[in-house]
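Encoded as structure tokens, the structure appears first; notes follow it.
Letters are used for the chains, namely A, B, C and D, taken in the order the chains are written, and counting of residues starts over at 1 for each.
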Amino acid sequence: MHSRTKVTVRYAETDKMGIVHHSNYPIWYEIARNDFIKMFGMSYTEMESRGIMTPLLNLSCHFGEPAFYEDELIIRTWVQTITAARIVFTYTVKCIEKDGTETELGYGSIEHGFVDAKTFRPCSIKKRMPDLYDKINHAVKHY
Amino acid sequence: MHSRTKVTVRYAETDKMGIVHHSNYPIWYEIARNDFIKMFGMSYTEMESRGIMTPLLNLSCHFGEPAFYEDELIIRTWVQTITAARIVFTYTVKCIEKDGTETELGYGSIEHGFVDAKTFRPCSIKKRMPDLYDKINHAVKHY
Amino acid sequence: MHSRTKVTVRYAETDKMGIVHHSNYPIWYEIARNDFIKMFGMSYTEMESRGIMTPLLNLSCHFGEPAFYEDELIIRTWVQTITAARIVFTYTVKCIEKDGTETELGYGSIEHGFVDAKTFRPCSIKKRMPDLYDKINHAVKHY
Amino acid sequence: MHSRTKVTVRYAETDKMGIVHHSNYPIWYEIARNDFIKMFGMSYTEMESRGIMTPLLNLSCHFGEPAFYEDELIIRTWVQTITAARIVFTYTVKCIEKDGTETELGYGSIEHGFVDAKTFRPCSIKKRMPDLYDKINHAVKHY
């Protein structure tokens, strides 16, 4: 089970090399991640209002081909693993060509911890949001 | 009374035109603003921890000459006016040339309101931080 | 004649006040501007490939109400004036409420100059792209 | 042989969690990388003007502790490996505490390819800038 998120490259996202600056990929991944969890009936805003935040632990990106201004991209998102304390999202970035085919530009992976919004200390998503945990866990196992 | 803040242009701040993207100027102004209020013995972190926030009401920028990657810039900051409810900062951006002279690239002006950090409703800096208000007000009148 | 562009607030666009950082509004305006000129059969990528760039001369923004993470915004764009050397775009930012109504958050205005992509010196859009100039000029006069 | 670069956290770099948004770490690394190569008598501007660009191939970041607004950070930079076609930089991010001690917040690693600025195709830094290659290679071996 995965989500697909469309992003159009902004002018401000380019740099003087004429391509997208790499710091924007994690920002796109973040947009895509929200689309993913929305499939399970939860927005990230709602998670935060229920006292859960998800700061990053690890981030990795591979850049195969550059993206350019006005490129229409698809971010494909799925969850690689979820535990009570952590979740790993995996992403691929594809460019939609003019003929409609998709060319892979790169991919990435981000590990988040679940923390309490007030204390910023680790907490269990399994206990705090068992329903969301079960749904995502099921999706991971039956991918 | 004014402050001078040095900023070096980052690669990520450039765009595909090869110059600095305009969205970065307000970010530099923000850095410079903190240097300004520090002259009066107060950091913006401390203002926030004492329950005051300063969201923007109005922003204007004039761009005369572009800035380029690795340019060393000076942001000159002063306060044009302060009332109990609002403050207007004015900024000029200058580029330090290799011979040490400074070339003006542009200027800008930002009006902030004072709001309570919890309610986000307008509050009086004159009542909440009379000492800071008096010092800045004095600096404005004796500029 | 105006365009309407939809933007969803990204997490990375928020700051520690919990609202959208003001530096993002000019970035949204830029996205909206491209949608505007596309109505006249021209993308900004095509303008650049034909040797015209449009650096900023002046920028102003008014912030009435803050925008928040995940807010769905409409940027309404039109041209206030166009000459051979300059163009002024005007923008309003509205938030789409859950009941479908739109609340104005703020507005802004950006003046661009037309410059030659190689020399970065002023050039006449009227001479270089007479068709685009005529169409936009007509739209301004018959707004 | 390594370089140390000081960065002060900007307000715009924070997000609604109240901490620095992760997309800023690669931007800081980029600043630090330029300080590193400057130790060998070369700025990145000069590399580009001599026809070499260094787009990213791979990026990884580990986030141990969050950084906050106004934190003073040290980015420690060194080169892990250099070949004719690629270079891997490694970075650690430390926060300077009020007592002057340094606390590690995280670390990261970025692999760049060397490409020709006009064709964007791989090129040999060993052939194009033998002096810079030799110096960095020597520094790596005698770290």
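Here, a contact is a pair of C-beta atoms (placed from the backbone, for glycine too) under 8 Å apart; a residue touches a chain by one contact, two chains touch by 3 or more.
Nothing here was measured: the structure is a model prediction, and the numbers come from that model.
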item: Set of chains whose contacts include both chain B and chain A; value: C, D
item: Centroid comparison with chain C (C-alpha atoms), farthest chain; value: D
item: Distance from the mean Cα position of chain C to that of chain B, given in whole angstrom; value: 25
item: Intercentroid distance (Cα basis), chain D paired with chain C, Å; value: 34
item: Chain centre separation (chain B, chain D; CA means) in Å; value: 28
item: Chain A, residues touching no fewer than two other chains; value: 11-12, 16, 19, 23, 27, 69
item: Graph class of chain-chain contacts, one of line, ring, star, complete, other; value: complete
item: In the complex, chain A residues that touch chain D; value: 16-17, 19, 22-24, 26-27, 48, 53, 55-63, 66, 120
item: Chain D to chain C touching residues, read off their complex; value: 11-12, 14-16, 18-19, 21, 23, 69
item: Chain B - residues contacting chain D, complex; value: 8, 10-12, 27, 30-31, 34, 43-45, 69-70
